[in-house]
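The structure follows.
Each chain gets a letter, A, B, C and D, in the order it is written, and its residues are counted from 1.
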């Protein structure tokens, strides 16, 4: 639907001449790791376009992301995975190999504030997000038209005060049905129960409208105004059972002054929220984010 | 159409309890100016909510903006203007007095890149821009649906290479018909002829996709990449006869690194463009921008 | 000692042609305040160079700072103060009037980390701080030479664990002897007792090495590293009885990544500390900071 | 001289448990490069602490920096270099291998503005710069005391208008005598002749007090003020024969407003200059900067 696409964003697709295969890997550190992994890729003819590596010397842990020019690989992807399996096992690694064109499947969750939703939809159309949005779920009806005119399915699941747990169970079930790889809470405003957080660990991204760990919880802009801070922020993080305490992927800040009201902070903070969330999603869907305990390795682009 | 509005943005309107009357003034500096002007307002019962003042001691020029609580004024607006006229004349001032609710009428101009257009439409719906958008003009058809679904008139005026001057004359005529107070070139990509620039001096705002005065002219992102700069930017400025040389209202920057391609710069720069342009428009339409020669006084909010 | 000065900083003094008289004022808001105050100044012949004003409409409080060209005033400073006294009383205002050349007297407090001390000394020599430094007090001897070579008195007051209260009483006594108007804790690392905080309310400035209210207390850089934040900061605030909870004057931030160690954060944070503290001191000593309850009005320059 | 050191900076040295060996390399890109180089390191027992890599796919060029834990290497440094020579030759690479403890030898050049000099001296003492400062050269005497009290040799070489070429020849001769690896123009204000630029290509770093390529040449802050920009900057770049046109290593910016005078810009710009220059020096002296034509690869830390 290219006509529709351009009418929605006005951004012509930039043709990538180079289809990429992405290897993401983390494992205990040891001598010869880079040689082992890059040697494997070279042995399969792979030309490396981008290599990111980080060794956490305190934790003794190794993190890497390698982008390989798919055209140079001598074997199909399935075979590459089969060949790499014993290497990964030998290294005790968590790893994935995928073609960039096998898009991450994303479900957006939204409540009554639409700025992050609209921003993500626009960036998705503009090819900034490297993902397929497979659906939008909301506890309200406001954004049905906004979503449906993009050709995306909109699912309304109400959150009655006395039936939240059942409703959230339906939400989780729907994530499964939609084949979601990543859930994005784009100002969803509902607390995800601990058991769902556990099952989806590292696969739910939230935007919190403060510079965490400052002002966790409700009404962070009002809290910030009352404390008289001179800079406000937004935090994109993975959701964990403990509210607003999950591993941080990205943060953005905005300078404020004494004359800004709480309403001004809310307005100015929206820009920070949009940027932090969209970057977090972009990096996750490009296999640039590696989670290790409470900390996150981000190979920014 | 409040339902439509909320479905488009999800932002509920923040009720301003306090309707404002805005006085904007610039004149040669002299002793007693503030006393003269604030005395006039006090004599009419006006309670000041916000006072901004700047004296350019080099140029010997005085600039002020005063926001008055309309409810406290003892006379209607028309009478206030009549009363202020002799004061303004005595001071040799350029001045305006208007109610904030008499919205500035804005026409958006767009070509084939829609990120600024979409952003401005969203912010307008979210009540960030303090204006009425009275129409969108484009030399292409791409954004007709985007504009019309917001309930706004879309005007297509083609720019045939051999008939540009006639087409631009039609554009200017349409500005007049629409009763435009401000023209926003939201990546319009057409050069406005000097005579039109003269007639609309201080009333046409452009976004240039570089940190001016660096990289004026075409393809600034490619120029920036070739020069190897570490920070790119965008510049919101008034349009003058000399290309990309008009008075600057606002600039925004983004840090880049060696691994960013010209395409990455283009993507990252879009965020800077959106922010610089939307702030420039917001400030202009709030009477926060005072032009004096080549320099601009901006009472930011 | 101009030779010494230039050898220390290399910054030639910029002659201000215009000696300024500074009026700082806060009071309950009401109609006609600006007219009353600026009318008073005009009646004394005063030419206003800079006017800053803020009305906190929630609190119903008015804040202003006016910089008057001293040469235009028809009466001496003492008389101006006498004349303004009834106006101030009528308005229920807290106010000060002083010549900018009557420098604020500052005492610096330092412990074992010298980056803020060295930075403040340099900026003071470069005429960035608008104050007289009348002495440096430390609980260690490390910086005696650094201080004394600037021609400043260095006072060592040890902080034995069992005699801290007595030592801090001596410190406070010395502040009085030195005629201090402002105390700057330039990484002093000692907790000031509540009773001293009370007596010096609004006259002790501290730099905390985190983006408050995040990471109050000890080892904020390590706390920040463990939490995995992507931006670290520093906070310049007035000292109150409650640790790290005083009104914030200024904050500065620095972006960090996963590869930065706690030691890197410490290094990078030093730049943020220097900037936030030096700006806070500059603004306080220029009468640009007005304290009202837990919030601070800063008329930045 | 540890007592001196701590009295000067107050920064205790952070003991690095891990002595590093640094490999820096650039060469034409081809399949298997990473495997070849990391395989070589692994074959010598080297444990990699930090790997940075960049492939410029347009230029077909490969850049890498590898930090190896020296204790894990099975051969002495001289032998490692001998062993790597045929690899480097085979790859057509420019490469260096050195221990981090073999410090880069730096000469600072200064004229009459001392803010960058003082800042670099402080950061050097604080172990931020990874270098030995082996001397300071100036065309004025102002900073002799500042330099000599740090225990560093100060060389005065006057620049008489009619004898500049001879004086600059003496300067270059002195660089050789001091065994300089890197020359830092810390606001030196003298134009380096093209032949010297050629001979020291990639080994002279300058700080220009504007956001290049805007405002090259003299008086950039005044130029910036006249143009009315809203953000000013500073640029750290390698010196080439063409003035202010050399490859950019780092840039820093500061937001300004209409009320800032050219003198304010000068003051605020100093902070940007200090930061851009000190980061540029730190990265160069850590082998984090790789020059390729007009562009620079910087593996930031």
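Assorted remarks:
FYI, a residue touches a chain if its C-beta (ideal position, glycine included) is under 8 Å from a C-beta of that chain, and two chains touch if they have at least 3 such contacts.
Please read all numbers here as calculations on a predicted model, not as lab measurements.
Listing every chain that touches subunit A and subunit B alike gives C, D.
Where subunit B touches subunit D, the two copies mostly use the same residue numbers: shared numbers make up over half of all numbers in play.
Compared with subunit D, the chain whose C-alpha mean position is the greatest distance off is B.
The centroid of the Cα atoms in subunit C and the matching centroid in subunit D are 35 Å apart.
Distance from the subunit A centre to the subunit C centre is 42 Å, each centre being the mean of its Cα atoms.
The set of subunit D residues that touch two or more partner chains comprises 50, 54, 259. The residues of subunit A lying in touch with subunit B in their complex are 6-12, 14, 50, 110, 112-115, 117-118, 122, 126, 128, 142-146, 149, 259-260, 263-264, 267, 270-271, 275, 301.
Residues 18, 29-36, 38-39, 41-43, 45-55, 57, 72 of subunit B touch subunit C in their complex. Within the complex formed with subunit A, the subunit C residues making contact are 54, 58, 211-215, 226-231, 233, 247-251, 253, 257-259, 261, 294-298, 300.
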